[in-house]
Amino acid sequence: MEKINPLATSLAGLSLSSPLVTASGTCGYARELSQFFDLGMLGAIVVKGITLAPRTGNPGTRLIETPAGLINSIGLENPGVEKFISGEMPFLRQQHAPVIVNISGNTEEEYAALAARLDKVAGVSALEVNISCPNVKTGGMAFGACTIAASRVTTLVRQHSQLPLIVKLSPNVTDIAAIARAVEDAGADAISLINTLLGMAIDIETRRPILRGTFGGLSGPAIKPVALRMVYQVFRAVKIPVIGMGGISTWQDAAEFILAGATAVGIGTASMVNPLAIPTIHQGLQAYATRQGVRNIAELRGMAHQ
Amino acid sequence: MVEHRPYCGIAEAVENVKVAPKIWRLTLYTPEIATAAKPGQFVNIRASSQHDPLLRRPFSLNRIDRAKGTISVLYRVVGRGTELISLFRLGEKVDLIGPLGKGFATSHPRQNSLFVAGGMGIAPFFPLAEILLADKATITCLYGVRCADDLAEVSHLETIGVKVVTASEDGCGHYHGQVTDLLAATLRQEDFSLGFACGPHAMLSATKDLCLAAKLPLQVSLESIMACGLGLCLGCTCPKSNGEDYWHICTDGPVLWAEEVDFAWKR
Amino acid sequence: MEKINPLATSLAGLSLSSPLVTASGTCGYARELSQFFDLGMLGAIVVKGITLAPRTGNPGTRLIETPAGLINSIGLENPGVEKFISGEMPFLRQQHAPVIVNISGNTEEEYAALAARLDKVAGVSALEVNISCPNVKTGGMAFGACTIAASRVTTLVRQHSQLPLIVKLSPNVTDIAAIARAVEDAGADAISLINTLLGMAIDIETRRPILRGTFGGLSGPAIKPVALRMVYQVFRAVKIPVIGMGGISTWQDAAEFILAGATAVGIGTASMVNPLAIPTIHQGLQAYATRQGVRNIAELRGMAHQ
Amino acid sequence: MVEHRPYCGIAEAVENVKVAPKIWRLTLYTPEIATAAKPGQFVNIRASSQHDPLLRRPFSLNRIDRAKGTISVLYRVVGRGTELISLFRLGEKVDLIGPLGKGFATSHPRQNSLFVAGGMGIAPFFPLAEILLADKATITCLYGVRCADDLAEVSHLETIGVKVVTASEDGCGHYHGQVTDLLAATLRQEDFSLGFACGPHAMLSATKDLCLAAKLPLQVSLESIMACGLGLCLGCTCPKSNGEDYWHICTDGPVLWAEEVDFAWKR
């Protein structure tokens, strides 16, 4: 008899062996993390953001440590979609976890082209449409900041792909629930949030912003209370599942997101600080489910709303 | 990607001593790392069990003692992370990852090797010297510091047979001036087969120019703020000399051939 | 000959002996802090938010510690404007620092009434209009979340008061610069920002939000990168002076805000953790001004934009 | 507002010892606080020099030694703050504020005093006993714990002349059951002039009911999460029994008369 897995869950038609997924851009294409634990315990591998053309990323300093947080300005460094498919997908296909490809465009057309290109690629299980990257000049966050733009990108990607569609929202907005409803209406199968908070730091000796692009994205434990609040708000606003992330570093954090309504949770900065964060959280969540007396963690989803 | 599955876990502190006014050596019992490590690689240490400071701190391997199963790092207290590390006591359970990065390439002609160190750049040279000397190389180490307080390692290097020439602008060393001036003078007098440099950005840049002019192949050990040390975040870049894209110091380096690096870049 | 004070500055017609002010709600009515240092080193005392009627504040847990941050849900506990004037102003008038009264209303009319009532009160130097409190059901943040509401409240308060008018903005918006411009156009003399970020926490054993009101306000070092970014953005958007705050706990933090464009800086959570934070920052800023070779700290204002 | 300008600064740790499996006593040299402190007051200690954990941790004064200029706190390791404090070593520079809050009122008839302690609620009673005993009061201390591992202070209190009766549900104490059952039994047998209680919320609530029924005036020492401990944030509330507004535990308390407190409140 097979042992039942209390963490197994499903999302947008995919079956996940656990609610834990990598947060895009914090695990490259999963090769490095595979040295530390069996990727099979991941619900899905969400890869670093892919663009149509290769990008070398931003010049100058890309990282700033802040209290319990990290500002990054990577600038979507990636090999471009073609080299991603030829260079990274062969390895990814061999892993025992669905692969979700995070895509970013400068224009609506680029999003559409990326969606079309990835649609029939073997081993790609879903798309995560990043309309929230703070680190590129055009596109990126602009699409995530207003309901109309967010909805248009979603519709377009929907038209070009049969894959389950996850839209990743920016937290730098007044009304996250409204954006979430807009992308749900436009055909998203799931929502992930949050991307990074827009932040900055200044070098008090040179008197200049540390990042060449002035602003960067704040992640890590510092932002957890804001991320949790947004997941809670979005869970009330939409019917499609939510992938919650932002500052999760312990199983207790992950449990909070699930209680707030997350179907899956993304681990980002925590894996960078501790590549064993995911297996540790996996173990803790399993024990938590048992202690809470549930057969499956999904029974706890959204319980904080009752 | 790192070549070897790095160890990620706890190592016990067996010594943490001040060796100069602001410089400490931390020795850790960690057979996994001691066995796998090569000179020029680094370890990434958590300074706090809490979320602030959040990121690990990278340090070059300063001693690799396979027999004892220990490694050491030689570090300067410059901020809050190194301050906290200096408080580690005997038996402290230190959370670290390593060995990380690619070390020095030692399979090139190296009979007469030259080290150029600036400040804490001296840290990785002892284990490198051990390997080169075991291979009967002769080594000259040019070592620049700001003042006598910054000097470390000299007697240790001399004991194993390295010829150390110190340079300082305050006059405390053998040579009065910058280490790169000493380097220029040295290159005029002697031929070397392989150069290794570690130190501040400006020093490495000048060293590259001097060595390239002297046709001396040079490896440089670079630094960068690191969020992961593992190739996950792509944050630790330095531009390639091809002018097109970037090295990632934690995985492509920290040691690179000087000619591959564009030193015109600023942080 | 009098020693020149490198920290002296002016804001909205007030002369401040330093750019350091208390952040509203984190120093009560200054009595407690006066035990620890001479309030004369403050540019101004910004008192706890005052409402028309007394408020007992929120029931249940009011404080949650988070990584490098604090979520509060005080709920504007205060004695009401009349008791504030009779009970607190006599003490405040004796201090050698201008007094800025932070006011909050449930309705536009309440803001207007508060402004009118405080207008001629001796010792009140300015009003700080809080359109950004996340911890009250009606009013509060709602006024700070859209340009029209923000602008209406500002206009109304302007009509009822001769005092310099500082409007305190909420960070929980998509476009802080637009809100800042709206209140500038409506007659604000200065802007303060940021109030707290909306956040939450869940008790994973009871499975319920820890705060009765679900959401609270996140302050402290965790939010500094976001606060600094918003001050930088607002400085570019308006001509009126900015009081910057959010996570400032060291003189280096204060210096970053000044370089980003702040005329004054508010110290909140840091004073609660360390009641000597303000004198320590004061000393550090003074030394910094000297090292930077400026006669007055104001010369560094906004330098990060050059 | 606190009655007395509290000391805010550094105190040196002169002892930090484990007195039971999870309970430690930290003794600090701080003449300013030792001189000013009264039983029932507390100190607010920073567990870390960094921003996480951010807030200070409040602890009742467990010893006040004016002669030596020291104070102690008796603390249970329950989370990361107390974990970090348990790592403080001899000579550690501890950042603290105190004395804070209002202590026990000892100017009421108190010839036959009753203490009711639950778990770590035992902490503030030793210095209170010292004062009452100096005044020739007799003291009975009912002390409830979950298991033997939670017991502390018993011999110390007995040595100075307190009659200690322990209660535990695992049978390790004199009385088998909850301390509030022991209290009910004790109140049936003996008359007291003044009661003092410290412990978990539910215990204090039951203690209030029993003492009020027995017409015994009772002071309770309360707890709350605190962000400042100074009356700045208004975060540390408990409802007044008037049903209208709130006490602020850090300045109005931590010791309040039980009848003034509405225990129906939950966190």
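To keep things simple, chains are lettered A, B, C and D as they appear, and every chain counts its residues starting from 1.
In this section, a residue touches a chain if its C-beta (ideal position, glycine included) is under 8 Å from a C-beta of that chain, and two chains touch if they have at least 3 such contacts.
All values reported here derive from a predicted model rather than from experimental measurement.
Peer 1: Sort the other chains by how far their Cα centres are from that of chain C and give me the top one.
Peer 2: Max centre-to-centre separation from chain C belongs to B.
Peer 1: Would you say A-B or A-D is joined by more C-beta pairs in contact?
Peer 2: A-B
Peer 1: Any idea how many Å lie between the Cα centroids of chain B and chain C?
Peer 2: Distance between chain centres: 47 Å.
Peer 1: Counting only Cα atoms for the centres, state how far chain A is from chain B in Å.
Peer 2: Inter-chain centre distance comes to 36 Å.
Peer 1: I'd like the Å distance between the centres of chain B and chain D, where a centre is the mean of that chain's Cα atoms.
Peer 2: Here chain B and chain D have centroids separated by 53 Å.
Peer 1: In chain C, which residues are in touch with two or more of the other chains?
Peer 2: As it turns out, chain C has residues touching two or more other chains at 64, 66-69, 220-222.
Peer 1: If a residue has to touch 2 or more other chains to count, which residues of chain B qualify?
Peer 2: Residues 50-53 of chain B touch two or more partner chains.
Peer 1: Chain C touches which residues of chain D in the complex?
Peer 2: 1-2, 5-6, 8, 46, 51-56, 95, 97, 225-228, 230-237, 239, 244-246, 265-267
Peer 1: Of all residues in chain A, which touch chain D in the complex?
Peer 2: Answer in residue numbers: 67-68, 221.
Peer 1: Tell me, which parts of chain B touch chain C in their complex?
Peer 2: Where chain B meets chain C, its residues are 50-52.
Peer 1: Given the complex with chain C, which residues does chain A contribute to the contact?
Peer 2: 64, 66-69, 71, 145-146, 172-175, 197-202, 204, 207-209, 214-215, 218, 220-226, 228-229, 232, 247, 252, 255-256, 259-260, 288, 300, 303-304, 306
Peer 1: Along chain A, where are the residues that touch chain B in the complex?
Peer 2: 25-28, 31-33, 35-36, 48, 56-57, 59-70, 72, 74, 77, 220-222, 249, 269, 271-276
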